[in-house]
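Order as written gives the chain letters A, B and C; numbering starts at 1 within each chain.
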Amino acid sequence: MTSILPLELADVSFEAGGKRLIKDFSCRLDAGPRTIVLGPNGAGKSLLLRLCHGLIRPTAGHIRWQGVDPGVKQGMVFQRPVMLRRSVAANVDYGLKLRGVPILRRRAVVDDMLGRTGLRRLADRPARVLSFGEQQKLALARVWALKPEVLFLDEPTASLDPAATHAVEELIDAMHREGTRIVMTTHDLGQAKRIADEVMFIHRGRLLEWAPADRFFARPDNDLAQAFVRGELLWWRLGKDRRAISKPS
Amino acid sequence: MTATTARPPIAVRGAVRRVLMSAALAATVLMALPALAANKFITVASTTSTQNSGLFGHMLPMFTKKTGIDVRVVAVGTGQAIKLAERGDADVLFVHHKASEEKFVKDGFGVKRFDVMYNEYVVVGPKSDPAKVAGSKDAVAAFKKLAAAKAPFASRGDNSGTHKAELEIWTAAGVDVKKGGGTWYRATGSGMGATLNTAAGMNAYALADRGSWIAFKNRGDLKIVVEGDQRLFNQYGIILVNPNKHAHVKAKQGQAFIDWTLGPDGQAAIASFKLGGQQLFFPIAGKGSSQSASEPRRAVTTIQLISPTAVGDPRAWPHGQSPRTAASRPSRMWMTRSAERAKFSA
Amino acid sequence: MIEFSEAFLAAFALIVGLDPALAEIVLLSLQVSLGAVAIAAAIGMPVGAAVALFRFPGRVALLVLLNALMGLPPVVVGLFVYLMLSRAGPFGVFGLLFTPTAMIIAQVSLVTPIIAALTRQVIEDLWVEYEEQLRSLGAGPARAVPSLLWDGRFSLLTAVLAGFGRASAEVGAVIIVGGNIDHVTRVMTTAIALETSKGDLALALGLGVILMTLALGVNAAAYLTKEWAQRRYG
């Protein structure tokens, strides 16, 4: 099975309403580390993920996956999960059915996923009556069932309480251990420190710093990154160092 | 594994649900297409006034019992009935406006027109009778008075037999009703019942067939003000739709219906129908009917069926023929009748 | 005012007496209207969903047209279907005029735009909510149609009930194409029209009461089914 990685972005820009929201973004994502995309609100983190996942098209530049049919091997978890109006088990089953997995295999996978996410006792409940935390776990189960090679997560725990957050982080970790490439956005520094192997720092649509996690948090290069790590609000800062980078340092 | 209630696996449950829903849907649809009647039937285009009087409910079951042919009556206004027959959507036309019927035959849509029966129109009006026409036996004079008094008048205005008869009386009275349109003359453009409803509601005069009037329950303040005028006799004709124009017409069965209606059984059925204790329809088959130039007259046995009291009644012979002249025709007609029979028996 | 009490008495008498003529008319009314709604839903829902999800030239015009067709006058539809099915018309050879099938055809024509237009709105709103998630899972607009139709099933049920309301209440179409023939094509609404034209207003109103009770029954059954399904399957 050919891998869809590495993912290459070349001078990607995205414009909407006359404003450039993603500017000259270039990078190359290989298999391996858990990448956290960090940055203040409105930096373009969600847009970046959606561009990579293929939900929107760039107005300039290229996004290149390897292999055929890269869409099938990716998954995405959103900040507010959208549950189908059916049972928990049926939600997990949905993606599998779309891919034509035969019925017996589906039953086994659904059962496995529900077990791993601790949702087995809720299997027949309508998905919409679950709490946010349970729904987000269900979203993970749903996408995990498809065994994606790359998983994009857009602030998945932003609305969750600490217990649910912990549970979700554990699941993400488990998926990583089984070989899924994790690309996650967050604006929670603590979470970033817990999860990240490497950090991409974005501000106003530009990739300003890309470094291994421990170095980024200890000694960020970029001044805006420094301010961000210190916990400052970057509402007026344009920063001295505005050049876009394309390789991890 | 945590304990759960024993239930069939998810996929099976979903499948069962889907099957049940499709079955329910199919059942609904199948139920909605009732099996086409196995028995034979003909379609007769007739008028609402005839239908509403109840005559068909009385006489048609007798025909069906005798021949096994169902008669489906589509009851609309005369104009619409004739249009239906012209388009071949009916097998037999049974309406009451001679001029239109003769044109129908002349234009080739019908085979031949036969007299069947007649009934009477009556003029109804408010008990207060502002135009002072009550008790009159002269419809034309009464209509002149109505126009002069500008008394409210509800007309059917729908090109029906009743409407056309009404217009003919206005014409005879020298009244141009278009001038009164919207003021005292109100054209409702609807059937007899609706028009009577309107007349009752407006306390207006109206022309109605006696049958509809007797059956009409919402009389309000109305009563019969004029009746008995010969002009108010309303003749019914029956015509087979021309199978040469429309090949699918059930000519044989339609002709069987016509034969029965004009024959002793049909005529007796018509005469025996009573509403409110009164006979509404007076059978007259075989007397004074028009014919298309090529076809000879037919069906003579009905002459004997007019009740003895009615034979001497001049009203039973609208065209002024005497019983004697009519009775002298039998033998020629018998031969013609069997010849016609042969034509349709193929 | 007397008519109203007479009407209720008439209705009561007919029901309690299990009047066979009434039973026949009620059964035919249900067959025609439910059958028409089922067919209209089978056509209208996919059409509505397609207009909601796909972009194609003329989409806006079609959308507006669907909405406008919700207001089709039944009598005009009846006239049109009559001209089509008449022996002198293009489909006369099938001999469908003055049969319940013709009535179903006319009502399908009336009800399909209603179901299609309402489905379009429901699916469009759902798509706004679901699009990203469904696309992420691998369902583009085409694969999403059945998923959205199922997920919107409770709102779509209301659309179907709107269609049923229209079908069971109209008289203009069925009276022209059916002919109001006794025992063959007489339904509740045409029977009411007939009794009104005879001036028997109390009976007509009584039949009206029965018709509305019927409609109430159908809607109640639909609501209860929905509640049960919701509790059981979510």
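We adopt the following convention: a residue touches a chain if its C-beta (ideal position, glycine included) is under 8 Å from a C-beta of that chain, and two chains touch if they have at least 3 such contacts.
Every value quoted in this text rests on a predicted model; they were computed, and no experiment measured them.
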If I rank A-C and B-C by number of C-beta contact pairs, which comes first?
B-C
Chain nearest the overall C-alpha centroid of the shown protein atoms
C
Determine the centre-to-centre distance between chain A and chain B, using the mean Cα coordinates as centres, and give it in whole Å.
79
Distance between the centres, which are taken as Cα means, of chain C and chain A, whole angstrom:
47
So the centre of each chain is just the mean of its C-alpha atoms; given that, what is the distance between chain B and chain C in Å?
32
Where in chain C do residues touch two or more other chains at once?
233
Contacts with 2+ other chains: residues of chain A
87
Shared-interface residues of chain B (touching two or more other chains) are none
Could you list, by residue number, the parts of chain B that touch chain C in their complex?
17, 25, 28-29, 31-34, 36-37, 43, 48, 52, 57, 72-76, 86-89, 190-194, 196-197, 200, 212, 215-219, 246, 248
Help me check something: in the complex, which residues belonging to chain C touch chain B?
28, 31-32, 34-36, 38-39, 86-89, 92-93, 95, 97-101, 104, 179-182, 184, 194, 196-202, 233
If we count contacts the way the header does, which residues on chain A are in touch with chain C in the complex?
50, 53-55, 71-72, 74-76, 78, 81-82, 84-87, 94-95, 98-99, 125-129, 142-143, 146
Which part of chain C faces chain A closely enough to touch in the complex?
129-130, 132-133, 135-139, 143, 147, 150-151, 153-154, 230, 233-234
